[in-house]
């Protein structure tokens, strides 16, 4: 009838269940197929957390599968870095080239020159990389950090355990979100939505503390607008009221807490306890001065929080892409501890890290041992930052400061640091100094553009993978990502690629990888769990309960540490992470904001999802920043005008959206735009907010504590 | 030949959207596009030339900081019943390319019949109808994701939400095979209903007292389907379009934003 | 002859010529319209190889549905896939040339047979086999004719403009039909629906609304 | 050179001058044709129309030319049915203008639809409930009638008229023209009305929605009435224009005066009805939908209350008062002022009934939709004007359009 309009072929309908890895929350999905074509993604009923629903990004996953950015075969760079000029090469040639390069580095005694960047550290695929680095002789496995890392560190310090945070959200009856985008992608996205529905049914109260009227704030029972970056201070202000009024859980604090009262450290000196510090420095009026939250609201909130049966305080800003200041996390966790809801119903649980990847210890040769003994290139685990596991945000500066890049060869898989790292320009400069970069991206992205070789992984609907523990899940879960359709292009599973490289290297490196293929590795790793996993699509232990207080804490004192030697509050002042820029040159503050309608992480938004973005966020190729109507008026701005937004990192041209839903003095910019123009549905539109914000090192953890940057907005 | 299938009790499929639950995440929009082979262009920021059968509006109470409040309002096709089935758009179509079914209450459409006069768009106060200004183009290979259940539309015609009627057809196929003539409530659900992670959308037969939608809004069929539940309202109730999409909100300003009020009190302002 | 007579003769001569002209024109038009036009309009396509419905029908237990079956979800599978045939036809059974083509060209290499489907409707059409065959208990013949007793496949004629099979418009170019299976146009669906009073649910026409037969 | 074709006893400019004039207008026409082809081949994305403005500039042009072309049917009605014989002096010209307007309208409709190849569906799958169906049928039929009315005029060309068959045909057609005029008037009453109905039935659009009688909203009757009232204004305006261009008197004062008087009284009565309609709409119909009058005229950059004043006072009351007074219509300046104001008045009425309908937000959280046409739309809209000018020029040069020309000038 209309020959250039496609007519979809009909056939037999069938459904494949899998887990979508596009979003951070890992939605369980059911893919409807017609014969061999996948035609629709829906939520997978019964999947822990998402249970039949999926986030917009995962729902549009077919646009990734069949999309134009999928890499169709191994590529070798022929042009300049980032120029996007490639030639197709065979898998064998690519693997041989890598093996040859790595072999030479190892012979030259510099195996530590190899680094690996991923977006996860749990599961078999990260484990394969970690094992490869280990037998090869490099300590430099790095992971893009998120709130989960800050939370893990908090649990390490306050509980003394290596665990990840789990939140018994569904049971909470008072939720105090200190900046967390609980409906904007924080945690396991869809689970948060379902939890919110539960709160509504149970008449639980939700209070959102945030500078901007985000979706999370709009749907909360109460929005407390706050000065940007001061959420941790408010937590302590609330703690002040709770302590002062004696509303805290004495059974927990007295019996299972340490450092609440004044305490004596290892140095033999007496230190102020949590109580003293909080009472001294965080009275509602002081806190009100910093946070600009009315003292009465602080008091009311504190009372309501303490009075609730299952109060739960959450932190980690927005979607949780940047870890934030450790102090904030500890303050909020202390607040939870004050009301005794750690490892309790409706509270924060320490959930053991997944431990199903148990492989025989690999044999190491001398070269490997020597390499592993060197300091990590990012400084994690060194004397300066003993607590951190990896500090990717420090890497660019270190590479740029060195004459020759300490990283000589780099593997990147799952991550897109050239887009997600703060101060993108500096990150890209660092990457261009790295002599040899191998990207395992399934889709062309900013980092793959910087690579020398691209060894394309199967797309997320074409491969097997174990997906452990969605963020914030309070019960152990392993999901199975499985092929919905056969690989559409000349790609290999990244696990297989690692096996191939190892085998090409020979020697002990090859010996450490005895599996025939990645699938073989996965099946053997899961052992008895494989069949159930294959049948149900996931393994879940819904009956899991955390350790009771009596044995939950493995700090030196065996108690919950409000304060300890490892980490104590400064006696004076408020622990707000300083941001870059001087107030006189930059009178405003730029903060990024997250939305489910834009993917802010390593995965680029899909055409369907960007179609849902409103025209006062993106219009044509112009990005809008949100600014308070009054602030904007003072700057001489009006709705929709073009303006120059400058920060110490640079100046960009933006358009202005005047809003009544944002605190004065703050400029908010969406995260997830400004991608390289690899395709023109999403690429080349707007500005990447990471270009404008540099990293700020947390003094204790070393992780990125930046929550914004000083900025100025002038009419263009 | 048996004739029994024609004599089922007439249904009135409708939707109830709880605006207190809707978080504006956009899942319904994406699920709708993916289900219904909705085309996409390189630039979709001109919202008056962007096909979104399901569109989420952002409403604000118009108050200054910090009293400002927003509410999201998903707007599918309202499948207006109008007076006796003469919905605003159906009666104006010169080529009978769109129709109102008394069996299901659905405003149906034949894409290959439409010749693109756009009169129905002018008639629809909800802007639920969209014109294919451009040829639909899928990047090479992406046409593989198209569903065979929904006909792909060509340039120059009007399209809109069908309440995923192909899902009804699919469910009825199964029912026929099993010797049934009636569908259970959960057998026919729209894609957006199924996708909404907040559970804000409920879909079913408004005529059936056992269906959730009926219980939630208690439509008064004697008075043009007016909702009798306290927090329920319909968009532009006063115009007499008799829509089958109902909204729920506990917030008064939201309920008032659903219709024009002559005194001008409580009027919402679009967030622009 | 008087002038008058002459004139009238001229008129009658002229009239005869005009009549002849009219008749010739009419005949030519009819030939063009009824014979030439359909020839130009439809291209003739052969099936990949011939198929004997009658022969197969005698071998199966459940009539048409043995091969043209319903899937569990109520959808209709239509033309059988290779997998259904392979059970018997893994190797050549009989001695027909067509079977040899089938086995050698399709079964052995595992290629689906690109059958041309006579009754294929445009993609905007929704037709529920389940509703007609199961609920209304109609037989296949009513719409498809007695294919089950045919021993050979007819030539597939494709409309060059629309790409549709001629079976949709019908053999008769004027659209007349003698049997229920002579045509498969919307009017034919509607004719039966009107007669039986099924789905007469349109507010506009009093007949079937769009979505009864469209998707 | 072409003197053999020019009607006897009248003088025309040189062929070169004429060709030069046609060449310039022809260039504009070609520009329009190019734009039209773009719209057909590349689709309506060539326009600035959008999902809010499904109807825009050229639909307004369509409605406007039909209203202005209404002079043809109403003059015909007056001459043939009512028996105002004096109007024979202007009827040819009125028919010509009508023919141009209606053929343009049909062309615009053919460009406006998204699937022009399916245009015939409006007849084949006609929906009798739709006002647009009524428009399409009546418009096509009336165009056929106008063609029949225009044909004898063409046949009266000096050379064509030498052919006995053509001569007789033209003569016989003139004899029975009353039948066609009556048919045309009847059809016209309907389709002018149904064009009004197009907007009036939109009960989802409170700006245009009107109550009415039977199946017809009040706009149905108002459109017919206004076309009858203002159509002659346009005929007179164009007569004055062509007289100015040719520097000749082409229609006798008596005829002009009669038509002006009739037009004046029609406008006068129409505007009373329009005011009554507006009052009822503003106080009853719109408030029932939740709107006050000023909701339709404020908070936007374009549609202020001035537009209502322009339509009713400047385009209605003033021309009506001028034309119904003898002094007014006999003053050349006032007469021209009145007919121009009249044309503006009816054009503004059609404008608001097409474009303002689209612009007014109906959902409380929606915003005013503003629109400006693309060059393709402008060119396509100008196309009929150029075509009209050419057709008038050709007709004036080669056909005896103005029977009084000789007697008034030589």
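Chains: A, B, C and D, in written order; residue numbering restarts at 1 for each.
By our rule, a contact is a pair of C-beta atoms (placed from the backbone, for glycine too) under 8 Å apart; a residue touches a chain by one contact, two chains touch by 3 or more.
Computed from a predicted model, the values in this text were never measured in an experiment.
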Task: Per-chain Cα centre nearest the global Cα centre, belonging to chain - done: B
TODO: Go through A-B and A-C and name the pair with more C-beta contacts between its chains.
DONE: A-B
Task: Far-end chain from chain A, centres as C-alpha averages - done: D
- [ ] Mind checking the centre-to-centre distance between chain A and chain B? Centres are C-alpha means, answer in whole Å.
- [x] 36
Task: chain C and chain D: spacing of chain centres that average the CA atoms, whole Å - done: 49
- [ ] Let me have the rounded angstrom distance from the C-alpha centre of chain A over to the C-alpha centre of chain C, please.
- [x] 60
Task: Centre distance in Å when chain A and chain D are each reduced to the mean of their C-alpha atoms - done: 66
TODO: Could you check chain C for residues that touch two or more other chains and list them?
DONE: 73, 75, 122-124, 204
Task: Per-residue multi-chain contacts in chain B, two or more chains - done: 46, 50, 86, 91, 93, 96-97, 112-113, 135, 148, 152, 154-155, 272
- [ ] Would you mind listing the residues of chain D that make contact with two or more other chains?
- [x] 127, 129
- [ ] Over in the complex, which chain C residues touch chain A? Could you list them?
- [x] 71, 73, 75, 77-78, 122-124, 162-163
- [ ] Give every residue of chain B touching chain D within the complex, in rising order.
- [x] 46, 48-50, 57, 59, 73, 82, 86, 88-89, 91-97, 113-119, 121-127, 129-135, 154-158, 235-236, 238-241, 257-262, 264, 267-270, 272
Task: chain D to chain B touching residues, read off their complex - done: 43-45, 49-55, 112-116, 118-119, 121-122, 124-127, 129-133, 136, 198, 201-206, 287-292, 295, 357-358, 362-367, 369
TODO: Would you pull the chain A residues touching chain B in the complex into a rising list?
DONE: 1-2, 4-11, 34, 37-43, 50, 52-56, 59-60, 62-63, 65-68, 183, 189-190, 193-194, 196-197, 200, 213, 215, 218-219, 223, 225, 488, 596-597, 607-616, 618-620, 628-630, 639, 659-664, 679-681
- [ ] Give every residue of chain B touching chain C within the complex, in rising order.
- [x] 1-6, 10, 84-86, 90-91, 93, 96-104, 106, 108-113, 148-152, 162, 165-166, 169-170, 172-179, 181
